[in-house]
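Take a look at the following structure, please.
Each chain carries a letter (A, B, C, D and E) given by its place in the written order, and its residues are counted from 1.
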Amino acid sequence: MSGSPARAHDAPLLRLVGASFGYGERVVVDGVDLEVRAGESVALLGSNGSGKTTLLRGVLGLAARTGGRVEMGGEPAPSRRSRRRTGYVPQAMTVGGGVPSTVREVVATGRLPLRPWWRPAGRADAAAVRAALEAVDMASHAHEDVTELSGGQQRRVLVARALAAEPELLVLDEPLAGVDAANARLLADALGRLSARGVTLLVVTHEIGPLADVVRRAVVLRQGRVVHDGPLVPELLGAEAVGDADAATGAARLLHDHHVHHHDEDEPSPRGWVDHPDTRPGPGGLAHHPEEHDDERPGAAAAGGQRRG
Amino acid sequence: MSGSPARAHDAPLLRLVGASFGYGERVVVDGVDLEVRAGESVALLGSNGSGKTTLLRGVLGLAARTGGRVEMGGEPAPSRRSRRRTGYVPQAMTVGGGVPSTVREVVATGRLPLRPWWRPAGRADAAAVRAALEAVDMASHAHEDVTELSGGQQRRVLVARALAAEPELLVLDEPLAGVDAANARLLADALGRLSARGVTLLVVTHEIGPLADVVRRAVVLRQGRVVHDGPLVPELLGAEAVGDADAATGAARLLHDHHVHHHDEDEPSPRGWVDHPDTRPGPGGLAHHPEEHDDERPGAAAAGGQRRG
Amino acid sequence: GGGAAAGTGASAGGAEPALAVAASFYPLQWVTEAVAGDRAAVTSLTAPGVEPHDLELSPREVGAAVDADVLVTLGGFQPAVDAAAAERGEGAVVDVAGAADLEVHPTAAAEDEHAGHTEDEHADATDGHDHAEDDHAHDAEETADAHDAEEHAADDGHDHGLAEDPHFWLDPQRMASVAAAVADGLSAADPDGAATYEENLAAVTADLSALDEEYAAGLATCESRDLVTSHEAFGYLAERYDLVQRGVQGVGGGGSEPTPTRLAEVADFVEQNGVRTIYTETLLDPAVAETVAAETGATTAVLDTLEGLTDASPADDYPGVMRANLEVLRTGQGCS
Amino acid sequence: MGDLTAVLGYDFMVRALVAAVLVGLAAPAVGVFLVQRRLSLVGDGIGHVALTGVALGLLTGQAPVGVALVVTVLAAVALELLRRYGRASGDVVLAVMFYGGIAGGVVLVARAGESAATLNTYLFGAITTTTPADLRVFAVLAVVVLAAGLGLGRRLAAVSSDEEHARASGLPVTGLNILLTVLTAVTVVLSMRVVGLLLISALMILPVAAAQQLCRSFRATTAAAMALGVLTSLLGVLTSYYADTPSGGTIVLYLIALFVVAAGGSAVLRALRHRAARGRSAHGAPVAPTGPRPVTPRTAPVADGDAQTASSGPGTSR
Amino acid sequence: MGDLTAVLGYDFMVRALVAAVLVGLAAPAVGVFLVQRRLSLVGDGIGHVALTGVALGLLTGQAPVGVALVVTVLAAVALELLRRYGRASGDVVLAVMFYGGIAGGVVLVARAGESAATLNTYLFGAITTTTPADLRVFAVLAVVVLAAGLGLGRRLAAVSSDEEHARASGLPVTGLNILLTVLTAVTVVLSMRVVGLLLISALMILPVAAAQQLCRSFRATTAAAMALGVLTSLLGVLTSYYADTPSGGTIVLYLIALFVVAAGGSAVLRALRHRAARGRSAHGAPVAPTGPRPVTPRTAPVADGDAQTASSGPGTSR
């Protein structure tokens, strides 16, 4: 494990040993070994369908474990205790139901596991909810019906709900999708501060950009296996890293079918991504990483879409 | 209208004249004038909640029009005809129901409006479906249940469904969210080719990056009004351009509450955005547009947390 | 209801019966057995304890009804049986509706402002409420009400406000004419046995007139002539022995439950007329009658409508139950 | 089989079996769209509204079945509108229709006095009482429903699974919804008098629920549901003859047993399929989705979810 | 008011009114979670299963209410498990339970012979027949339900609106689901014998459906639903006395009228609120969401939607 935790601790907060997760008979995540130390910030990368969401859900006990072990703070997980120490932002908007609920009510549900059932919400709960709402800049919408918010606003509500629980480990599944750039930066900054305070982060994302300053280590999944685990080096930001073989193949077919070459790129070399290690964005920081562009190059797929780490 | 259509035509394909859309009594999009010529590719930008989705839905007749006019090809829209000429990729995964449907079945529904009800699917339909599936690299998943796909795969299915209809106008609401970088490029390329063939594109996105080569013109919404309509100049790519004031305010409050200064920003001035008319992003391009930030500041938005770009 | 062969007749033991007869519900089964004696094997299509209104026949039972040499039925009472009868082609069907001399019974309630309440409503008020309140309770129960429907259909052309009361068997004299009709029907189907049927009929008629006399004597002098019942099944009986029936349920309750107004009226009626006893039934929920009783301080007693025999029935055959009912009535009405 | 001859010796049994085939074919063909819309109990709800319609018909002296059809169709259209424009979700609107139908029936019946008694005839029935005239009605119904299913099935499925997109793409959503509603109402109202509301509404849903466990495509589910509908109806009628039980209840219990078996069996089936798929797949990587769904509550998405998709589309040039 | 004295002169009316208050309070307090889960008809479904339970109790000579409770709770738990692990959505599972309950009841009843008649006693009732003993049961029920609602309401709401997240965050989801199910079963089984299944299941849902039209928060919806439940129950009982109609049906019709008025009125109300909000808002920008929902079909999201969110979270430091 080559992570570079923001704070070094001895025992890993989260440890997966040969862990497999899946749905029914299907194994989606296959024998993953992973250690995340307290205070670390880890990005989980991989192409669509590579098993990122399944891995997160498996750690939380939402997808079935079909093999291996998961531990949190040295104890077997998921347990009720491990779940309470974890905040989760799901990939899809899952809040719904027949009865209207306000943004505040939804965020307040994040506090529920922290207090015994007979105790009503106290001042600390109210403060945490307020702080979480402000962190995602939704305080002014606190009393609106969540179902009447825009897509990006809903995403932010989900993040706030996780934040309200003041977790030790924060697990975010594509937290930046659909969030506008200003809020993306705001959220990234907030994550940065959390990390600085010792909160451990595990973030699935396809847009590493705004998080580049927060995340120090990247784990890349391909077809349910870890194919890279190490520092978030520039090359990982390239598309190749997170593209999958299928995509590349598809692109090839596409190009072939239509006899059209990609207008602004050379015909990719079979191992394209390897050829462009220098494309890492400079201090400009917000520029789009050119490497983002090369991954579905056909041959690249063949090369396995693997990248150096 | 300062668009730079890929191909010039005389009559605009889509024209909004003082169009307002909303939900019930609430006007979300307020008096928008917009012309999109056939063959143009337009990005619709704006912060979360600014009304982008509502505008698209209004054009398609999915959100109520509360004023103004919408025309397509000179005829009043939405009409059944105008809808058939338009392909739509919604922001959220909307396919669902109690009975399993395969990816192919979902994509094939895109063809339905094109043929009379008594005619069964023909060879052309099958070919279009296949081509659409390949364009999003989902052909290998054609016979899987859509509800068992990963998030990004589901998004791609929605895109394929719109493509299968071979529309003149393709309206996409955040088509890149949750799609891995390789597929994002693949899709961007495909859109580019469509555009080259004369298909008109109207794309909502927070991630202009992969589309930068495809889109030539940007329309920016703020609080339901158009605040910019012109070439997609570099500055528009900055977060500020599409961020909203709430975000800034939230950040300020946040910083205040926690007595932590944003590590890379100054404490906002009380009237931050007003004081920095110059913060309009320069060619540096990535700066945030400060003006976007002032609107919902609470007490002035109380001096809200504005930040410079 | 299940138990197609439920009520095999007393005749089964003797010589091989000449006839297989299906009777649609208990009183008809009893009268048929009494008339047929050993010459026929009688089965009831309604299992014991099942409200005949509720009757849905299983295919086997329909088969039994179709295959029987003679089917004895009260036309219009049970649509499932009527359907089976239609299935029989020219097979002999003894429909006792004519002999029973069915009438419309405007009850006390129908005479006041609640016109439209008739005997027939008892079915809605009691069984009907399951459908109305919950149409799902059905299959078994629902057909229940169908009897009224068919009854009504048979009656079409009449004023829609009125329909016939099927409960003829609670009147021994009507029961006697039905016995005669059954004897005729059996003789027609089995001319060889005509003499036997004639003999048995005489015995049955004698029994029934004895019963009639007991009733007449027993109910001659009573403190109260107001008969407050939960289900208006006793119209013929009341009419015969000069009582006035007043049903707690059924007034305006067409489907679900009595209206509070009706409950209040019955309660007032009970109090004003010094009625001491409110009768509930073995097969029905006593809650409504008990509510009125609790309201007025009256007591409740159980009458058996004889729509089906159950373990809860006070005796094991028709005359026994009728006599038990008489005792209950004499106590309840304060007869000397 | 000697026994079967005995069964077929009764005309009423022959008619019951034919009715079983016709209704068992038509009901799931409508029901699959109701399951797709997650309004599985709508048939039952329509049955309850029919109660009010019949009562009205009796009160006003009109043909009860006609009035019931009109009332149910109107109620169903009202449901559509409420669902579309109201703040209430489908299940709530269905509950309103449900309870409104019963309560309306109850109160009308109370007002109607004795004509009310006739009401239940229109709501309940037994398949063994099917008349030749009923059979003709069922035959027409089956033809109409199957024709609609064949001709418009894909459209109905599209509208049922993603109404928003169907509307955006120019399909006549309102018309299709109303057509489906009318088909449902007609199926329920015409059938329930003969076979009973329990049976007709269960036959619309349960075969689909069972088929769903075994199939992965809409088309296969529909076909399987129809086959299962016919099969269980026939079996149920025969069993009820031999076991001496009510036919309607027996058919429904068969359907439920089928569902339970299918739900249990599908795990096994999916495992086998998975192994097969793995065999085919070059990489040995999992290909077919298998196993039970995750615990996702499957609640409705909020008005706007939030996501973006990579889009591309070369195949769609014109 | 002279009239009111007359009404109160009858003990049964007084008891009916007290029962109306207690049931009108307790039923919506459970129902709000059922509406939240989009299983509005579950109360009705449980009632149908209770039929089977009662029939079983009668057959085996056990206390029917006890057996009905056990059977409904078991069935409801089975429903939970099917919903969670099966490929079927909630409405389908509900339909299975619904039809299974009736068919089981029907077939058992046919087998049970004579005890069958007693069955209806346990399923149907009239609020005017409430006995003092019933009132005590209702009082206990109301206290238990309200206590659960107050103590666990937020947890139940959380589980009902986002089961997945509730599970991930360490709430005892299965326990809470079972608790809700048991509460529902107890409420239905204990009440329906006295007040009827129609009334109890409608009282669980319709006040919530009406309140939903007027409120924007879960808490306000719950409070309003309980108030409306009590109000309409009282009004219904009184009206049924004066108008000479069945009480249960009258209450339900009131509830439906209320829903329709609320659905219509909410547009107006939202308009007013909107104006008010606009007044408060410095910019005059729209603040309150208003108007009917868009046509979004509100179908379930697929297992994984697809989106990413900007995340940030300073407030959550520990």
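Just so it is clear, contacts are C-beta pairs under 8 Å (C-beta built on N, C-alpha and C of every residue); 3 or more make two chains touch, one makes a residue touch a chain.
This is a predicted model, so every value here is computed, not measured.
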| item | value |
| --- | --- |
| Chain hops separating subunit D from subunit B, counting only touching neighbours | 1 |
| Where subunit C and subunit D overlap in contact partners, by chain label | E |
| Chain whose average C-alpha position is farthest from subunit B's own | C |
| Result of counting contacting C-beta pairs for A-D and A-E, higher pair | A-E |
| Length of the line joining the C-alpha centres of subunit A and subunit C, rounded to whole Å | 75 |
| Chain centre separation (subunit D, subunit E; CA means) in Å | 25 |
| Between subunit E and subunit B, distance of the C-alpha-averaged centres to the nearest whole Å | 41 |
| Of all residues in subunit D, the ones touching two or more other chains | 35, 37-38, 40, 44, 87-89, 91-92, 102, 106, 110-111, 161-162, 164, 167, 198, 208, 212, 245-246, 248-249, 288-289, 292-309, 312, 314-315 |
| Residues within subunit C bordering two or more other chains | 2, 56, 58, 132-134, 136, 138-140, 252-253, 255-256, 259 |
| Sites on subunit B at which at least two other chains make contact | 23, 53, 62, 91-98, 100, 131, 134-136, 147-152, 155-156, 174, 177-180, 183-186, 189-190, 193, 206-207, 210, 254, 257-258, 260, 296 |
| Each pair of chains that touches, named by its two labels | A-B, A-D, A-E, B-D, B-E, C-D, C-E, D-E |
| Partner subunit D, residues of subunit B touching it in the complex | 53, 60-62, 80-84, 86-102, 104-106, 108-110, 112-113, 117-118, 121, 127-128, 130-136, 143-145, 147-149, 151-152, 155-156, 158-168, 170, 172-180, 183-191, 193-194, 197, 199, 203, 205-207, 210 |
| Subunit E residues within the subunit C interface of the complex | 10-13, 16, 44, 47-48, 51, 98, 101-103, 105-106, 109-111, 113-117, 119-121, 123-129, 131, 196-199, 237, 240-242, 244-249 |
| Subunit C to subunit E touching residues, read off their complex | 1-3, 6, 47-51, 54, 56, 58, 114, 127, 129-130, 132-134, 136-141, 252-253, 255-264, 267, 283-285, 287-288, 290-291, 294-295, 308, 310-312 |
| Subunit D residues touching subunit B - in the complex, by the definition given at the top | 32, 35-38, 40, 151-152, 154-155, 157-158, 160-162, 164-172, 208, 212, 215-219, 221-222, 288-289, 293, 298, 301-302, 304-318 |
| Subunit C - residues contacting subunit D, complex | 2, 4, 56-63, 66, 79-80, 83-84, 87, 115-118, 120-121, 123-124, 128, 131-136, 138-140, 142-146, 148-153, 160-163, 252-256, 259 |
